[in-house]
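Next come the structures, one after another.
The same chain A turns up in both complexes below, where it pairs with chain B and then with chain C.
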Partner chain A sequence: MKLGKRWLPAHLLVWTYAGLLIVPLYYFLASAFKSNEEIFAHPFALPSSFGFGNFRTAYDSADLGTAVVNSALVTVLALALTLLLALPAAFALARSTSRLASAMEKIFSLGFLIPTFAALFPTFLLAAATGLFHTRLFMVFFLPATAMPLSVVILVQFMRTIPREMEEAARMDGASTYTVLRHIYIPMCLPGIATVLLLNFLTFWNEYLYSLIIIGPDPEQRTVQVALPTLKAITGTDYGVLTAGTVLTLVPVWIVYTVLQKRMQQALINGAVKA
Partner chain B sequence: MTTLTPTPGGAAVRRPAPPATTGRSGTPRQGGTILAVPALVWYAVFMIGPVIAIFVIAALHWPGMLQPVSFAGLGNVRTVLDDPVFWDAVRNTAVQLAVALPIMIVCAYMLGYYVAQKPPGHRVIRYLLFIPGLISTPAKAMVFYAALSPDGLANGALQSVGLGSLTDAWLASPSTALACLIALDVWSGIGFTAVLFAARLDSVPDDLGEAAQLDGAGHWRTMWRIHFPVIRDYAGVVTMLQFLWTLFGSAQHVLLLTQGGPGSSSTTLSFLVYQKAFIAADLGYSQTVGVILFLAGLVGLLTIRRAFRQNY
Partner chain C sequence: MHSPLTRRGFLATGSGLAAATVLPGLSGCSALTGADSDPDTLVVHSQLGTTAPGSPTYLAALDRFRKENPGLKVKNLINGDDLAQVYETSRLARKEPDVVMVNLYDKTLAWTDVGATVDVKGYLDDWGLRDRVLPQALAEWTDAKGRVRAFPYFATNWPIAFNRALLDRAGVEQIPTTGDELIAAARKLRAKGIAPVTVGGNDWTGQKLLAQIIQTFLTEDEARHAYTTGDFGSRGAREGIEYFVTLRDAGVFADKAQGLTSDTMTTQFNTQAAAIESAMSSALAKVPEKVARHTEVGGWPLTGGAVHDKPTILRTYTLIGFWISPNGTKKIDAVEKFLRFMYRPDTVSRFIKESGRDMALRSDTLSTDFPLVAAAQRLGSTVSQALLPDVYVPPAAAQPLITATSTSFTRGTSAAKVRAALETAYRSA
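Showing the complex of A and B:
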């Protein structure tokens, strides 16, 4: 389709919005290398030096190092548990034609309609009752449950594309159910697994409210997302340190996004639309 | 077969034709449905259980974690409905939804349409639009805090262009606090939603638009009269998503940016649930609002679904 001159307003509007997205981020990145005085005097100027002083202060004063390790730990373990639960479930649901299986699938799909946030307080009670309150472990158990509907539904859709003849042939050769799952289904739906992993990586890493309540403020246990806002209180209004800390928490996501840009967009689009 | 939502043609996995239920049922499938049980149990314990608990706690009089619990029946509902703060929260939530949702969906659709036409630089735009989707809530809140606090970016920019008289303590002023939260929603929502729309529009055949152009339809007309009806149900899904995110997710933004204040000028329903549970420790009250929120979400979803139904 040809885009004529009449698109000029559209171009302008779109790039203005793009500017609104990029300017605050630029301001953030630039401020991370500046002192307060510099930020106020020249908010948009490039930093005069690229010292890592603010990063170090942010890192030390909010224990961001421990927090990053905690976040990584929670994210990785929760991702592993998600796959461990969702893969066999999706496998079973994709192959089965029984009424029970389709009922189960419906239950998972209905999960999209349950907003996680609504159950914050009861979940807190559950954590207290299991003795796992104020631990990272509860989050490792809890996060996969929130990811289950989406993960199962996406994996089922991928697994349904695998021709049944593949399994039948393997069965002829005496393959067990486990072998079928391990050697046929999992290798063939690696793109689906990647989608589920990326999607959940993002939500697990960025999870805030539950981590705040369940893990709590203990610097030994808390995740980056919980540690980050404390910088506001600790540093008063040292924007340099505040922005440096925020930039630090964005780095892992940024690395993943830049390396896997196409894949990530695809994953999020798939995920959001099925959610 | 249940497909909750339509799959975006080009983007998602293509669903094969549903397996014939009769044709192959002769083949016994060993190790069947039982494999789905652990996932289901896990899901029931951590998700369905707590959701049911909301309804139970809403019927309890429970004035604090360590206080004795008694049955309150509908007592909490009366307390909540008599509380002016609750009505402030209802109003704020209604304003938030009424302002943010239409702006977000309309702008995102137009933006998505723009990107899907592949104008020069569309790859860069696509990359940029995605940024808000990657940033965590606390990081987004920090961006807005840095931009809107008294000596932040917005006031600095106003001063530097000689409009110093317009500066304000945006987040701390009763007249602008809620507007800031809405701005945050819109700012981060448009880009991400636009990417979703663009992905869906990519799978609409090109000749559809070309045919319309040959018939003399302008872009505006093609966009709203030709393409929009095609993806109407998808727009419904996206609207539902944004509706849920705004309705339930606003608690985090409010908590991080304004704490509901000043007064109750930026208290939303979902923040009220949080605030009553974890700050005021009035658990019955909190979960009653939770139930109301839940029902509001359900009614909203059904309404949106109806509004976007395909009418052939």
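Showing the complex of A and C:
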């Protein structure tokens, strides 16, 4: 296929943009194999060696294996709890036409207005009062609470696109409310569920402030976001090791993002066909 | 239409998920809760343990302590720069660790006053450890009410490191000892494309060097007054700021110093992009051997009218101490065992020999594997000592002062504006 000259500016812009995205990625990956001296003196040069010393040091020093397991545990359980709570809530709100439901939906939306820092102290007090301070369990309960506004709002919108006739037909076949949710709404909302899972996964995995305060610094319990900063020392940071550690902790995020993104696209197509 | 997920099934699934959520969480919960309340487990909260200087030695020492005390478990909690914040919230929840290893600076200055940690004076005497501590260290860790805030441990020398090879290449024959010599050396170095004095003008390294230069014209008492009250209006303080501005505008500091950090500073020096830095012991220990062998340490050059008779260095004994928490007092026997072990001469020697750390405790050991650290230890009376302001700056002013540092290192900022920035840091605190 021959491209006309009028496409040239567009190509230039696209390739420039792609280049702009690749440069920091290259710098990030290359730095993981370098020493501080190499990073600062020749930031964009290729590493002199592709040894995994920095990765080993980062993994051992910050106990990243345990930290990744902790993050995975907290994230997966919090995601499960989020869906368990958000799906029925969204289902009820989407189906109801009452004023109360409308008010409840608005209340969920108000959750977006609460700044993260404003909730820190009350959350800390709650953790202390419940005896769940310095536990991952509190975060498993807390993270879904923060994710409910976004999850419910997204899922409600998806569920409203489902024709009521589908439910009516199922009802005539004797389906219960739970059957309708399980066999009609959930399968047809897979694009929304995948979206909610993806967005919340990124938020839960990257959460730092609350994990730092609530879970604390115990290497057996802390998450990757709390473990990583311990590679930074006030009296001189080894940026090669820090970058290598960051790369290691990004691998699970990359895998999940890739998988869920594909699922989301597939679900979008399937959903469109069903609708 | 029959649903495989009945109401009962739905509830069972939900309960299963909840149980799956709770059980692993609870097992983790019991790990720390148990450690907090278990009299046989000592919980230590430290900045050592990953890549901070001295970490391998500390971890090895912990292992040895565990072997020597098989009945006593030690749990090591690790934080970086955020340790103070994490400890404070732990204390609020009454789940704080028993011993905290951190320096006396910023937030920690208020800990003894508010009961976050206890006065260790009695323990120091009862356990017979007072004689192990250098008198200067004990003085720095003692507050105005005579309370000893923590068991002193790490100290640091903060000399000026001069790359002799780069100075030679630029035609600078002698290590500069006066402001004029330093300015002349800076010109020659710049002519050869070498940055003269590298400094983290955007962080604490810049703040310390600025304080050191201002003290060229301040006695110790005057410096203490200035840094306690934020009053930089005295004649000495104004002259000190003028001296700093003169040096800065003459190009003594590396380009864009106001944006540099401690990391860029050490890297510029270690890669020989810069010839001079104000480096604390832990940074000196990390200077590569090929640079270290032609590096000399000394003091900051003075100028006419200075109150010091020799170039100045900074020195502090407040780098890391062992603070005892209220929880720690409930396990005081375990704390005693731990501190006796950490104060033991062989343990102290290992930190000096293996990690090149300066200690606040008596020891004859020298950091022979770290020649620059050893050279700084030997500087003795060839240099004069400026006051490290950390203990005197009110906690709320510590961060604003660092912000003011960046303004001060910006070329063209007048002495009056530097003084205003410093004083504003106190007023806004």
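We adopt the following convention: the second predicted complex is superposed on the first by the 221 of 275 C-alpha atoms of A that agree within 3 Å, B and C clash if a C-alpha of one lies under 4 Å from a C-alpha of the other, contacts with A are read in each partner's own complex, and residues count from 1 in each chain.
Quick note on the criterion: contacts are C-beta pairs under 8 Å (C-beta built on N, C-alpha and C of every residue); 3 or more make two chains touch, one makes a residue touch a chain.
All values derive from a computational prediction rather than experimental measurement.
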Residue contacts with chain A in the superposition, chain B compared against chain C: B
Touching partner for A:F28 - first (chain B), second (chain C), both, neither: first
Which of chain B and chain C A:R136 touches, first, second, both or neither: second
Which of chain B and chain C A:P43 touches, first, second, both or neither: first
Partner chain in contact with A:Y239 - chain B first, chain C second, else both or neither: both
First, second, both or neither for A:V259, with chain B first and chain C second: neither
Partner chain in contact with A:I213 - chain B first, chain C second, else both or neither: both
Partner chain(s) touched by A:Q221 [first = chain B, second = chain C, both, neither]: second
Which of chain B and chain C A:V14 touches, first, second, both or neither: first
Which superposed partner A:P229 touches (first chain B, second chain C, both, neither): both
Overlap of the chain B and chain C footprints on chain A, listed as residue numbers: 40, 124, 176, 178, 213, 229, 231-232, 237, 239
Touching residues on chain B, where the partner in the complex is chain A: 1-2, 4-5, 7-8, 11-16, 19, 21, 24-25, 27, 29-36, 38-40, 42-43, 45-51, 53-54, 57, 107, 110-111, 114-115, 117, 119, 124-139, 141-143, 145-147, 149, 151-153, 156-157, 160, 187, 190-192, 195-196, 199-200, 206, 209-210, 213, 218-219, 234, 237-238, 241, 244, 247-249, 251-252, 255-256, 270, 273-274, 277-278, 283, 286-287, 290, 293-294, 297-298, 301
Residues of chain A defined as touching chain C within the complex: 36-37, 39-41, 57, 61-62, 70, 73, 77, 80-81, 84, 124, 127-128, 131-137, 140, 170, 173-176, 178-179, 182-183, 212-213, 216-221, 229-239, 241
Complex contact set, residues of chain C against chain A: 1-3, 5-7, 10, 14, 17-18, 20-22, 24-26, 28-29, 31-33, 35-36, 45, 47, 49-53, 55, 75-83, 85-86, 89-90, 92-95, 204, 262-264, 266-268, 270-271, 273, 280, 282-283, 286, 288
Residue ranges of chain A in contact with chain B within the complex: 1, 3, 6-7, 10-11, 14-15, 17-18, 20-22, 24-25, 27-28, 31, 40, 43, 85-86, 88-89, 91-93, 95-98, 100-102, 104-109, 111-126, 141-142, 144-146, 148-149, 152-153, 157-158, 160-161, 164, 168, 176-178, 192, 202, 205-206, 208-209, 213, 225-226, 228-229, 231-232, 237, 239, 242-243, 245-246, 249-250, 253-254, 257, 261, 264-266, 268-270, 272-275
